[in-house]
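For reference, the structure is listed below as structure tokens.
Lettered A, B and C in written order, each chain numbered from 1.
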Amino acid sequence: MRSNYGLGHYLLPIFVFFIYILLYCPIIVLVLFSFNKSPLSYKWVGFSFCWYKELFQSVEILAALKNSLIVASVSVFFSVSMGLFYVFYGTSRFLNRMIVFFYGSLIAPEIVLAVILLNFFTFFSIPLGLATLIVGHTLIGLGYVVPMLRNRYSEIDYSLIEASLDLGATRNQTFLKIVVPLLSPAIISSALLVLIVSFDDFLISFFCSGAVTLTLPMYIFAEIRAGATPVVNALSTLLLVTSSFLILILTSLKMRTRIF
Amino acid sequence: MREIRLSNVKKSFKGEVILEGLNLTIPSGEFFALLGPSGSGKTTLLRLIAGFESVDTGSIFIGNKNITNVPINKRRVNTVFQNYALFPHFNVFDNVAYSLKIRGLKKDVIEQKVIKILKSVHLEKQIYKSIHQLSGGQQQRVALARAVINEPDVLLLDEPLAALDLKLREKMLVELIDLQDVLKTTFIYVTHDQFEALTVADRMAIMNSEGEIEQVGTPEDIYEFPRTSFVAKFVGTTNLLKGILRAEDNKTFVEIENLGKFEALLPKNKKWVCNGCNILMSLRPEKIEISKTPLTGFSNCLEGQVDSIVYHGRSTQYYVKLKNGFLLHVFEQNEEHFPQEEIDYDDKVYMYWQKENVVLLEK
Amino acid sequence: MRSENLKTVFKQDRPFFLAIPAILWPAIFLYIPLVFLVGISFLKSFDYSVFDYSVIDALTFNNYRLLFSFTYVKILFRSFYLAFFTGFFCLLISYPIAYFLALRVGRFKNLLLFFLVLPFWTNFIVQVYAWFYILDVKGVLNTVFLKLGIISEPLHILYTPTAIYIVMLFCYLPFMVMPIYTSLSKIEKDTLEASDDLGAKPWQTLLYVTWPLSLSGVVTGFFLVYIPSFGEFVIPTLLGGGKIMFVGSLISYFFLDTKNIFLGAAFTCVSGLFLIISALLIFWIFRRYAKKVGGIYEK
């Protein structure tokens, strides 16, 4: 390898290390203080699980959690199934070119999406609530699902589909028995992705959920605005742990498909 | 009879015409080979029969049934793909059983049939293995079993042995011939390798790079009596010499500039035959006898100087320069340990052949 | 050969309609509402129950005229500065990190990547809240600086623009690192070794070989940061104390607080246009630079 290492070569790891620390400092402190006995956030008093207890007893939080879960799972279901059908059955040349159509929700800033959805619902006097949230999250979900599935689908050896038809299967049978199993890593990845995105989403939830419905991010936002107790820390810590877990699954899936 | 008939088929891709005015009849129960160089359209032809492509104009029949517009999954045609196309998420059993499951046969019936067919391709020990654990040759046999279990009218094989090494290929060729004998299904075998085609085929068709069928016939027919220079050159090797046809004293001669007149047999039923017209003489290297001393008993003779020698163990090939500069390719079998005469570089040699062993071609 | 097949193979099957919902969804819930928004921006009032000529009566450019005032333009540019600043400094910090991960690290690459990506997946709101602990008067930053003697009095960072900029920078960092990392990791090692072999010093290889080859990642990363940052709502609202208005907070103000959807729609359209134009401008400048340097846009 190289023998002419400049000063930069040694500074670089230090710099990166420094940035990583800066990146994680806030989160680590947040987690630490979730165990802080005092409700006054910035002074460490003692170790306690009391905030976690309060967390699990809070009706508000549990309701918000329920809402987040419902919206997330339904959005995942809708976006993944619609996306899957589109990828396999949308084969005319027109639909092929339409793929750019789905990038709109990825490119536009989320606040624009949130606002036009709000407008749309108000105009048609659609009551704001879980349903409208699901609509918005599914929209975003499609923007992730369709490109991912499309990509993976184009990588499938096409002669496998030909072989299936050659052996007598109809298009639907080929879809169910061959395409879906082969796409399953991508299906699971995109489902997890949409799940995380939906669960974490704030803007669309904020605008489109109406006065009554709260999702978890909305709850946290309101609490911060109003002056938060470490219950928020506890909640955040748990969310962090769950996200990490899901990401671990996602990355291990991605790695396995590469070997495949 | 379930013969396959293509009638006036035309096929083009993105404006480029691959096949045009193609007519071909393949009798039922034969091992039929489609031989041609890359880009000759032979794979396209195969895919048209399978249904993966549809014709622009023309029709395809199996027996009396017009299958031109019948979709892939309803044709009684099955394909063995070049890359096998085995379903990676199924094991050997499930791959082979796929078409039976689709048809909705009962579980025990399926099991019986699958095991029977796997036995016939010598895979009974690999039934429940994942396909990733199989060697190339084994995968090839799974693909074969999967296609054959359906008892199709026609089995299409698209260069199935291309990915195997030489020894394995030779072994598989024999197995394929045996299989076809047993099943009596029509096999259509596409390849660019003439050795394969000559080995397996009952009859074969040669296609050229323009997508036209040059000749259809048995391997012997095609090899010994090629009808065009393309066939003569593509199948085996040959020496093609240009000359003028002359008829004298009830005998036929080919007059070649600077070399002389050579006797040949007049081709029958050839409309282009006429006294004084241009002609090509095709002389295969193995039909020539080479010698340093003059010999008798042959109809034709040429003299030349040895330009290069290639030793192949079983045979030696000589390239001999003729008076007009043409390099004549001669093939001699090394019949004896110690040959009676040693032919060396720059030696002056005589080359002899019989008039019956020459083929006259128009172009 | 493949797209030919699809028509042949599938032409006899009917379930084409199964693909329709996926197309309809963005059509109905994104593109039509978008048209709506533009339409509404030209109205001064709209009676939802009356669907006739009152629409034409209400047509006006007034909304757009109102927006030409200094306050609104100031807000647009403020958001522009924020977005550009975030993009630029994210680039400065991300590039070394991406470089390190792609070209320096061997064994721990996946681990480090995982830890880099993790904050990306943490809830945005949670991340912002975490920064409160650092930036508060009694927070980590002040405590550490006071202890080290760097400052004598605690800094009031929270609820000032400084806080906004800092948090934006760190929250958007992963967006920038990933694309740059991807494009750097696609560079073949041989290319860099060849540069060494030909006598280039490390900084020369970086400037003349690595940097141009990574430009596609740079531009992707930049816009992945620039575009959302422009319309960012959460961070300015939480950290700015609601006093400083950015595009995001103003749009929210129009639609949720004042319910003046017509002016709000007009402002959204204007900011959208501003965003597109500024993005295209930046992209155009970037292309000229890339052509000079020999990046991806060579023709």
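The rule is short, and it goes like this: a residue touches a chain if its C-beta (ideal position, glycine included) is under 8 Å from a C-beta of that chain, and two chains touch if they have at least 3 such contacts.
On a predicted model such as this, the values are computed, not experimentally measured, just so you know.
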*Chain whose Cα mean lies nearest the overall Cα mean*: A
*Where's the contact count highest, between which chains?*
A-C
*Based on the averaged CA atom positions, which chain is farthest from chain A?*
B
*asked:* Centroid from C-alpha atoms only, then distance chain B to chain C, rounded to Å. What do you get?
replied: 62
_Interchain centroid distance [CA atoms averaged], chain A/chain C, Å_ = 17
*Approximately how many whole Å separate the CA-defined centres of chain A and chain B?*
58
*Touching two or more other chains, which residues of chain B qualify?*
51-52, 71-72
*Of all residues in chain C, which are in touch with two or more distinct other chains?*
5, 9
*Note the residues in chain A that touch 2 or more other chains, in rising order.*
162, 165, 170
*Contact footprint of chain B on chain A as seen in their complex*: 157, 159-160, 162-170, 173, 177-178, 181-182, 260
*Show which residues of chain C lie in contact with chain A when the two form their complex.*
2-3, 5-7, 9-10, 13, 15-19, 21-23, 25-27, 29-34, 36-37, 40, 48, 93, 96-97, 99-101, 104, 110, 114-119, 121-134, 136, 138-140, 170, 173, 196, 201-203, 227-228, 230-234, 238, 247-248, 251-252, 255-256, 261, 264-265, 268, 272, 275
*Mind pulling up the chain A residues that touch chain C in the complex?*
2, 4-6, 8-9, 12-13, 15-16, 19-20, 22-27, 29-30, 33, 41-43, 82-83, 85-86, 88-93, 95-96, 98, 101-102, 104-105, 107-113, 115-120, 122-123, 125, 135-136, 138-139, 142-143, 146, 158, 161-162, 165, 170-172, 196, 199-200, 202-203, 207, 216-217, 220-221, 224-225, 228, 232, 236, 239-240, 243-244, 246-248, 251, 255
*Complex interface listing, chain B residues touching chain A*: 50-52, 71-74, 77-79, 81, 83, 85-89, 98-99, 102-103, 146-147, 150
